[in-house]
Structure formats: structure tokens, C-alpha cells
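Okay, got some structures for you below.
The two complexes that follow have chain A in common; it is paired with chain B in the first and with chain C in the second.
Presenting the complex of A and B:
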């Protein structure tokens, strides 16, 4: 009996120490990684921020390795241990102190593991948010200024007459020469092309306060969501007016999806 | 002609052609090559490539995106691109053929790609570097095998998981070894 109790106590101690060590390593890795993630994000010139993405995935992968390791140990060293001890104890109807101790051991180990999972969630969130939100407004304003600086600096490929690009285009576009009517192909810069890809995210940043108001409403207020959605699309259309017609069709679809959903009141 | 207005060609480009063009872009062709093969000018192609995804976004039934995936997988059969192939090494040609005909090879590389991402590598680039298989050809293989794999899972879920776990362990060891081990390898119970 005392031998069993001793084994249970030792196993619990080992499990707790094992998870302590994993958490300590997790803390060490993540706190060291946060400034590096931020630096890589800021210095990554790739508009899709792939270097940052790969770094983040690598770190999350290491946290997941720790999770897998803990899961394997829980299965092999805790649950199988419980099964082994249980088979050695008197059968059903013969509850002893060992049964009680085994039960409290099981609950303690599971609870400790739940705390470990909470730590994982905390550090995953820390890593995911380490770079902060990209300032899309600043990037957009930068593109508007860059366009203003160059919009008059084009000449017709046919007659060399000076041309003005009428709008900030995001894809290759024909521009007709006002002198000889030749169609010139205007190819926007990578930065201008990115405005199109980031337009929705920028519109979401501009209207994030409305979404927050909706999300904080209890019960969820559908009217607030519809106000947010309309405002978000209005902003989106302001950024890329040429896409307004297509955006409106998408708006109608999202609105319909929302009205059809069962998660609002 | 389909009655679904979302399937109406855009500037004469059908969803079949657009899907095949996307597959070819992923296989290393340039946008200019693709526009030429479709017989349209570059700005027209760019507008087409802007508007087909809009159609997919508008379709709440996901029919358009499903067809896109199907046509993407059949890109090699599209006559408009039959004479147009990106330059590929002899090894690449063999592997591209293999991934489209050998399901196990595809499944192993699919796992390898995912594990590579978990180790902070660009999984698609790793496949391209190791096997000279572009992301476009990989996605074509994915759309070719998805239905069969789905059936395999239904027929033998445990066997499927066992094979996947085997591949996963193999590539976890490979990538971990290349990086000097996992960061918690020294912590034992």
C-alpha cells in the first residue's frame, strides 16, 4: 500500500517538474523571440511579409513540439501508469485509500496539464501579436504621395507628348494620349498594386471600432454588425473606387450570409 | 452555355481558361506568357485576373471556386497552353510526372511540406529545391489526388493516419536534425 502511494507521489512530482521545465523553456524562447519577430517584421520589405511568417511558423512549430511531447508523456507515463496501478488494486466494490489517492492523482495531473495548455495559448498569442498591427494607413498615404509626385512624368510612346495619369491605378491599364490618341499601357508600381490587395484590411482597420462595438454587445446586436459592414465597405470603396461595383455584390453576399446565420439575435 | 451568370466569360476568358492560366503561373510561366497564350493583351489579362476572384467571392454556393479547383487540376489538358511549358530540369520532369501518378509520393511530399513550414521553412520552396516541383504542379497533383484520398480516409481512417504519422515523424526528424534538434529535446520526464 505505502509502495503504491509512494509511486503515485513520485510520478506526480515528476509530471509537475517536467511541465515546469517545458514552461520555463517556452517562456525563455518566447520572450527572447518577441523583439526579433518585431524587428524581422519591420525590416521585411516583402509586401506579404513572408520572412516574418516563416519565423512565426517556426516558433509556433517548436511550441507545438513541446505540446506533442507533453501529450506523449501524459499518455505513456500518466494514463498508462494509472491503468497499471488500477489493475493491481482490488476490483470493483473494494474502494481503498489507494483508489482515492489514484483519483486525486489523476485529477491533479489533468489540472496541471490544463494549466500547461493555458500557458501554450498565452505564448502563442504573445508570438502572434508580437509584430503589432501593420500601419496600412501610413502605407496607403505613402502611395498616394508617390503617385502625386510621378503622375505627370509620363510621355506618350508614339508622339512623346506629356501625359498625366488620371487616377491611381492598381493593375496594368490603358491610358490614351491626349495628343495622338495612342493607347499607352501604364503599369503601376508594386506598392500601388499592394494598395488593391490591402484595401480591405485597411478598411477593416478604419472601422475596427464599429466591429468591436458589435462584438461587445450582449446579446449580439445584428444592427450594429450591419452598420459595421456598411461602413467597412464604404471605406473599401473610397480606397479603390474602381472596384465599388464588384465590392457591392460581395457586400450583398456577406450581408445575406449574416442574415442567414443563426448566431445573431 | 451555362445559365449561371457568374460563369459568363470575362473579356472572352472562360473559367476553364482562367483556372488553367493560374496553374501555369504557379508552374513558372509569367503573366505575359499567359496573356499571350490566351490571345489577350496584358492589361486585359490583369483585369480578368482581378474579376474572376470577385465572382468567386460573390458566389455563396462555392460552385465557382469548386469548378476553379477542378479546372486547375486539368490545366495540362487545356489546348491553349499545350505548347507552353516552363523550363524544367530532367529531374523535375520525372518528379512532376511521378507526383501526378504516384499517390504515396504526393502524400509524403504533402506532409513534408507542412512539416517544413512548422520548422520555419518555406515548404513550397523546399519542394521546389529538393524535387524541382513548382507550387503550380504541386497544386495540380493535389487536385488530382484529393478525391481518391478522401475515399481512402473513409475506407481506412486508421491506416491513413498511421501512414501520415509515419511521414510526419520522418520529416520532423529530418528538419529537426538540420536545425540541431528541437528546442526542448533535452527536457525529459
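Presenting the complex of A and C:
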């Protein structure tokens, strides 16, 4: 009996120390990584910030490895240990102090693991937000101004007649010459093409306050989420009106996903 | 090497790998907006939209063999 209690105590201690070590390693890597992520993001000339993405992926991989390791140890050293001990104890109807101790042990180990998972969520979010927010609004306004400045400066490649680009296009588009009807292909600048890529993020930036209001509501208020989502998609459609039809289907899907999810606490 | 140095050296390696990794499709060069046109190689006419985009409106040369489907700016009605 005392042997069993001793084994339970030792296993619990080892599990706690193991998770402490993983957490301390996680803290060390993530806090040291934050300035590095910021530096890579700022120096990355790629419009898609792929060097920053690669670095982030590597670091997330490290954290996920820690998560897998903890899950593996939990299965092997905690749950299998509990199964082993349970089979050695008298069956149902013969509850002893060992049963109580085993139950307390199980709950303590699971709670400790939950804390570890919370730390993972915290450090993941620290890494994801380390680069800070890009000023997408300024970049968008810059593209609008650039477009206004060039929209009348094109001529038909066939007859040299002056052409006006009717809208701010984000992808290559046929524009018909009003004089000779030739289909010219207008290819937007790289900056304008990036607006399409950044449109959702910009809409999310514009409506971040609504998402925050929803996230701060307790219990989570679905109506607030719906308000946020609608506003976000309205902003998105204002930026890229040509995608409104497709976006509406996406909006309906996200809304359904939210209503069907169970995490409203 | 102590733990702190190990972490810094690991991060430095990770950073170098991330920065030096070649991007799919190569480096993206910032380009200005431009206008292009595709003339008919058979008769030299501009690609006019009289009866669709896939065939030259003047001599019948096939600009493309595919059937167009609905997209953002191109519709299936644009087939010749």
C-alpha cells in the first residue's frame, strides 16, 4: 500500500518537473525569438513576408514538438501508469485510500497538463504577434492615390487611342479600346495586386475593435460575433467589390461554423 | 556552451535558414502597371470583341483552344 502511494507521488513529481522544464525551455526560446522575428519581418523585402513566415513556422514547429513530447509522456507515463496501478487494486466496491489518491493524482496531472497547454497558447500568440501590425490602411490609400494618378495615362496598343481604366483592378483584366474595340490587357502594378492579397487582413484591422468586444464578452455573445463578421465582410467587399458574391458564401460558411462550434463559454 | 548560448545559437541558425531559403517562384520584382495587347498572328488585326474572345473577329484564327468559364472578369459568354 505505501509502495503504491510512494510510486504515485514520485510519478506526479516527475511529471510536474518534466512540464516545468519544457515550459522553461519554451519561455527561453520564445522570449529570445521575439526581437529576432521583428527584425526579420522589418528587413524582409518580399511582399508576402515569406522569410518571416519561414522563421515563424520553424519556431511553431519547436513548440509543437514540445506539445507532442508532453502528450507522448502523458500517455506512456501517466495514463498507462494509472491503468497498471488500477489493475493491481481491489475491484469496485472495495474503495480504499489508494483509489482516492489515484483519483487525486489523475486530476492533478491533467490540470497540470492543461496549464501547460495554456502556456503553449500564450507563447504561440506571442510569436504570432511579435512582428506587430502592418499599417495596411496606409498601403491601401497609397495604392488608391497611385491608381488615380495613372488611370488616364494608358493608350491602346493597337490604335494609340487614349484609354481610361474604369476601376482599380487587382488582377490582369481585358480593357476594351473605345475607338478600335481591341481588347487590351491591363496588368496592375505589384502594389495594386497586393491589395487583393491584403484585403481580408485590412478588413480585419478595421473591425478589430468589434472582435475584441466579442472576445471580452462572458459568456461569449454570438450576436456580437455575427456583428463583427458582417462588418468585416462589408469592409472586405468595399475594398474588393468584385469578390462580393464569393465572399458572401464564405461569410455564410464562417457564420455556420461559429454557430455549430461548442466553444461559447 | 550554456543553455542561453545554445538557444541564441539555435535561433541564429533558424533565422539564417529562414532568410536564405529560396522562395518558390523566385524573388518578386515590384513592377508598374502596364498595358499589353495580343495581335492576331495571321492577319495582324487587334483582338476585338465582336463575337467572343477566343477567335479572331476578322480571320477566324483561334487565340485559345480552351472553353472559357465564369470568372471574375471573364464569362462563359466570352467564348466565340
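Going forward, the second predicted complex is superposed on the first by the 137 of 265 C-alpha atoms of A that agree within 3 Å, B and C clash if a C-alpha of one lies under 4 Å from a C-alpha of the other, contacts with A are read in each partner's own complex, and residues count from 1 in each chain.
Operating definition for what follows: a contact is a pair of C-beta atoms (placed from the backbone, for glycine too) under 8 Å apart; a residue touches a chain by one contact, two chains touch by 3 or more.
In this text, all values refer to a predicted model and were calculated from it rather than measured experimentally.
Trainee: Please indicate which partner A:128 is in contact with in the superposed arrangement: first for chain B, second for chain C, both, or neither.
Mentor: After superposing on A, A:128 lies clear of both chain B and chain C.
Trainee: Thinking of the overlay built on chain A, is A:173 touched by chain B (first), by chain C (second), by both, or by neither?
Mentor: both
Trainee: With both complexes superposed on chain A, which partner does A:141 reach: first (chain B), second (chain C), both or neither?
Mentor: neither
Trainee: Is A:22 contacted by the first partner chain B, the second partner chain C, both or neither?
Mentor: Once the two structures are laid over each other on A, A:22 reaches chain B alone.
Trainee: In the overlay, answer first, second, both or neither for which of chain B and chain C A:69 touches.
Mentor: After superposing on A, A:69 lies in contact with chain B but is clear of chain C.
Trainee: Have a look at where A:55 lands relative to chain B and chain C in the superposition and call it first, second, both or neither.
Mentor: both
Trainee: Touch test for A:32: chain B only (first), chain C only (second), both, or neither?
Mentor: So A:32 only meets chain C here.
Trainee: Of the two partners chain B and chain C, indicate the one touching more residues belonging to chain A.
Mentor: C
Trainee: Looking at A:181 after the superposition, I want to know if it touches chain B, chain C, both of them or none. Which is it: first, second, both, neither?
Mentor: Once the two structures are laid over each other on A, A:181 reaches chain C alone.
Trainee: Looking at the overlay, does A:111 come into contact with chain B only (first), chain C only (second), both, or neither?
Mentor: Neither chain B nor chain C is touched by A:111.
Trainee: Which residues form the common part of the chain A surface touched by chain B and by chain C?
Mentor: Chain A residues touching both partners: 29, 50, 54-55, 58-59, 171, 173-174, 185, 243.
Trainee: For the complex, give me every residue of chain B touching chain A.
Mentor: 41-43, 46-47, 50-51, 54, 57-60, 117-122, 172, 182-184, 187-189
Trainee: Quick one: in the complex, what on chain A touches chain C?
Mentor: 28-29, 32-33, 36, 40, 43-44, 46-48, 50-52, 54-55, 58-59, 147, 150, 154-159, 163, 169, 171, 173-177, 180-192, 242-243
Trainee: Quick check: in the complex, which residue numbers of chain C touch chain A?
Mentor: Residues of chain C touching chain A: 3-4, 7-8, 10-11, 14-15, 17-19, 21, 23, 27-39, 46-50, 53, 72-74.
Trainee: Which residues, counting only chain A, touch chain B once they are in their complex?
Mentor: Answer in residue numbers: 14-15, 18, 21-22, 25, 29, 50, 54-55, 57-62, 64-66, 69, 73, 77, 171-174, 185, 196, 243, 246, 249-250, 252-253, 256-257.
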